[in-house]
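The same chain A turns up in both complexes below, where it pairs with chain B and then with chain C.
Up next, the complex of A and B:
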């Protein structure tokens, strides 16, 4: 408390300190790791049920890449990766709600995959030269894999948007998913992205990253004569706040599936 | 969908080897699927993906060489000849 009786807020950043100790840095990494975990788990659902064999393997190979990124990010925060990935309470997860959606319709998975991987390419880019050096190394490695993911997503999307059936089927899904995907650029509670930029953890603020991402998505959809509506149509009907620890209705089932083996045998090892 | 043939080359002196085929709607997606179907565990450090329709395919009848015994020399003729030669002075 200061002498006005108000709680003191720590805003100053120790310039010589460890960038990982900048307030909010670890929460941001945790949020990105949780995104990757949920996306990886959800994409893995497609094993053996993809629309054709090659797509089956592609989605699940990308799933393993995303789980690898989750593992690398959790590894920046501690040694017990399983405990971080599987052992927390639902309100302790910071994933964006779009990553929790099951998307068991392939078109939904494709649209979410495109929105997520374009978003990732922007945010990994903003972290590639991070002053938190091990985070920068994870980001640079992930960027290399991201190029393959984007080639897969944009290759299919561009092709399908050249057909009437593709336009009729996919564009309404963008109306539904694009506003929700904006949550990927929300800051975790108590995380000041200005402070993270000032400390060199990130190259630019999350709002700036969101704008870059929206430009990329807008450009990709322009040939189909479509501009995504980014605003949430009805905030009451679709409460966001995944980064604040609020879980969507889909999280419980997703998490139960993730921990199914561990709950049978807590000492299980892969 | 078009059919593509996939070739991988491991690090070192191994040559490119055929690893399988896949179907894809276009060349870019063929490269994308080839990575996920055949190279996701670092099975190769270089990859060729070729549309099957672009392959030059030989006439199989030109490859039927099984009845040309003179191309399947197992060395016994020469061995027998030498043995005869060696035996002569005795």
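Up next, the complex of A and C:
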């Protein structure tokens, strides 16, 4: 490289330096990537077994989108995306427990899908103007793809909650899953979301995002005369802490499925 | 002082990469689909950089396209000591407006796939009807939705499921990107 004649670089005085270096920024991105990876993998289960053809296509298309978001997020952290996605120890994953649930009951999948994609719309919105520019670009891109996910979830939910069978079937699932979904807004250990907001990585703190999301969910369920309970009923029975590296009992099987081909042939390529 | 890649080599790479076809539509090139953004020599060094615009973040064809573009570039500068760099760029953002009109016609004729561009209504590839009714956001591939033509009573696949963010900057300089700079309605 020729450095002759190159103008002297003027380094702007930035109190925070590279936004990606703000403590906790990379852990937050890793947590979001892990969420997307697990959700994508779990939704992929519905391939060929959806309750009707269009739903089969919808869930697996959404699965593909979420895996794409995971790939884009891991890509912000390093080049070896497969190693990050598949090659870590269970305690190194930071996904929220709700993303690890298999949800092989379609109603359960729908409720989790609604809770997750509304949460994502808030989350991506808070990152869309991130001072970590490539993170902002992924967020804006994901936000655009996310709209069809939301339309799908809310469209089905609206219609089903107008029926007695839908109400009887779906609302108890909200009792069960809404408290668990709050974990999507937990901060990874050692991640100060105040620092992230101060550095412009996120537009607002995770607690604030959680409140926005709870409003959205509450509004969607109000016509059915239902207000979700957010508190975990029995923290002993269902300890959360996915963001702290604590894995739920479902993770091992999910992870084994993800790495099945890789463990047979580590050099396998598509 | 290092030498820049000769302009003729860059042009040869550009020609070669422009001919790479999409795995989904093997007769349509990535240039016509608006996936190829730029071919340039970088750093005044001995690298040719190929910038591609991903259609969807989760598109499974991306890896294949990147590989085929690399192979095409290598073939174009065989023997020369030039390294090839292929990158998917964040900006501009791909929209169906980046698809060249010739490819829109081809997709309608050969695949019965319609394209929804901001500059024009999507029309039924079978009968030309323009009153398509939305059925599902999710079609057989992630970038195609399913609509219904009341005129000829056929289901129609339409490229353009995602509401794309307003394209910015370089998109306007791309020949296939006419109309891409118009902003899309962004629901709050």
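Here, the second predicted complex is superposed on the first by the 255 of 270 C-alpha atoms of A that agree within 3 Å, B and C clash if a C-alpha of one lies under 4 Å from a C-alpha of the other, contacts with A are read in each partner's own complex, and residues count from 1 in each chain.
Note that in this section contacts are C-beta pairs under 8 Å (C-beta built on N, C-alpha and C of every residue); 3 or more make two chains touch, one makes a residue touch a chain.
As the structure is a computational prediction, the values presented were derived from the model and not from experiment.
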{"item": "Clash-or-fit label for the pair chain B, chain C on chain A", "value": "clash"}
{"item": "Contacts of A:71 with chain B and chain C, given as first, second, both or neither", "value": "second"}
{"item": "Touch count on chain A, higher of chain B and chain C", "value": "C"}
{"item": "First (chain B), second (chain C), both or neither touched by A:156", "value": "first"}
{"item": "First (chain B), second (chain C), both or neither touched by A:167", "value": "neither"}
{"item": "Which of chain B and chain C A:204 touches, first, second, both or neither", "value": "neither"}
{"item": "Touching partner for A:148 - first (chain B), second (chain C), both, neither", "value": "both"}
{"item": "Partner chain(s) touched by A:57 [first = chain B, second = chain C, both, neither]", "value": "both"}
{"item": "Partner chain(s) touched by A:262 [first = chain B, second = chain C, both, neither]", "value": "neither"}
{"item": "Chain A residues contacted in one complex by chain B, in the other by chain C", "value": "54, 57-58, 61-62, 64, 148, 151-152"}
{"item": "Chain B-touching residues of chain A, taken from the complex the two chains share", "value": "52-55, 57-58, 61-62, 64, 148, 151-152, 155-156, 159"}
{"item": "Complex contact set, residues of chain B against chain A", "value": "1, 22-26, 28-29, 31-33, 35-37, 40"}
{"item": "Residues of chain A that touch chain C when the two form their complex", "value": "1-2, 4, 54, 57-58, 61-62, 64-69, 71-72, 134, 137-138, 140-145, 147-148, 151-152, 270"}
{"item": "Of chain C, residues touching chain A in the complex", "value": "1-2, 43-45, 56-60, 63, 90-91, 93, 135-140, 142, 145-146, 161-165, 187"}
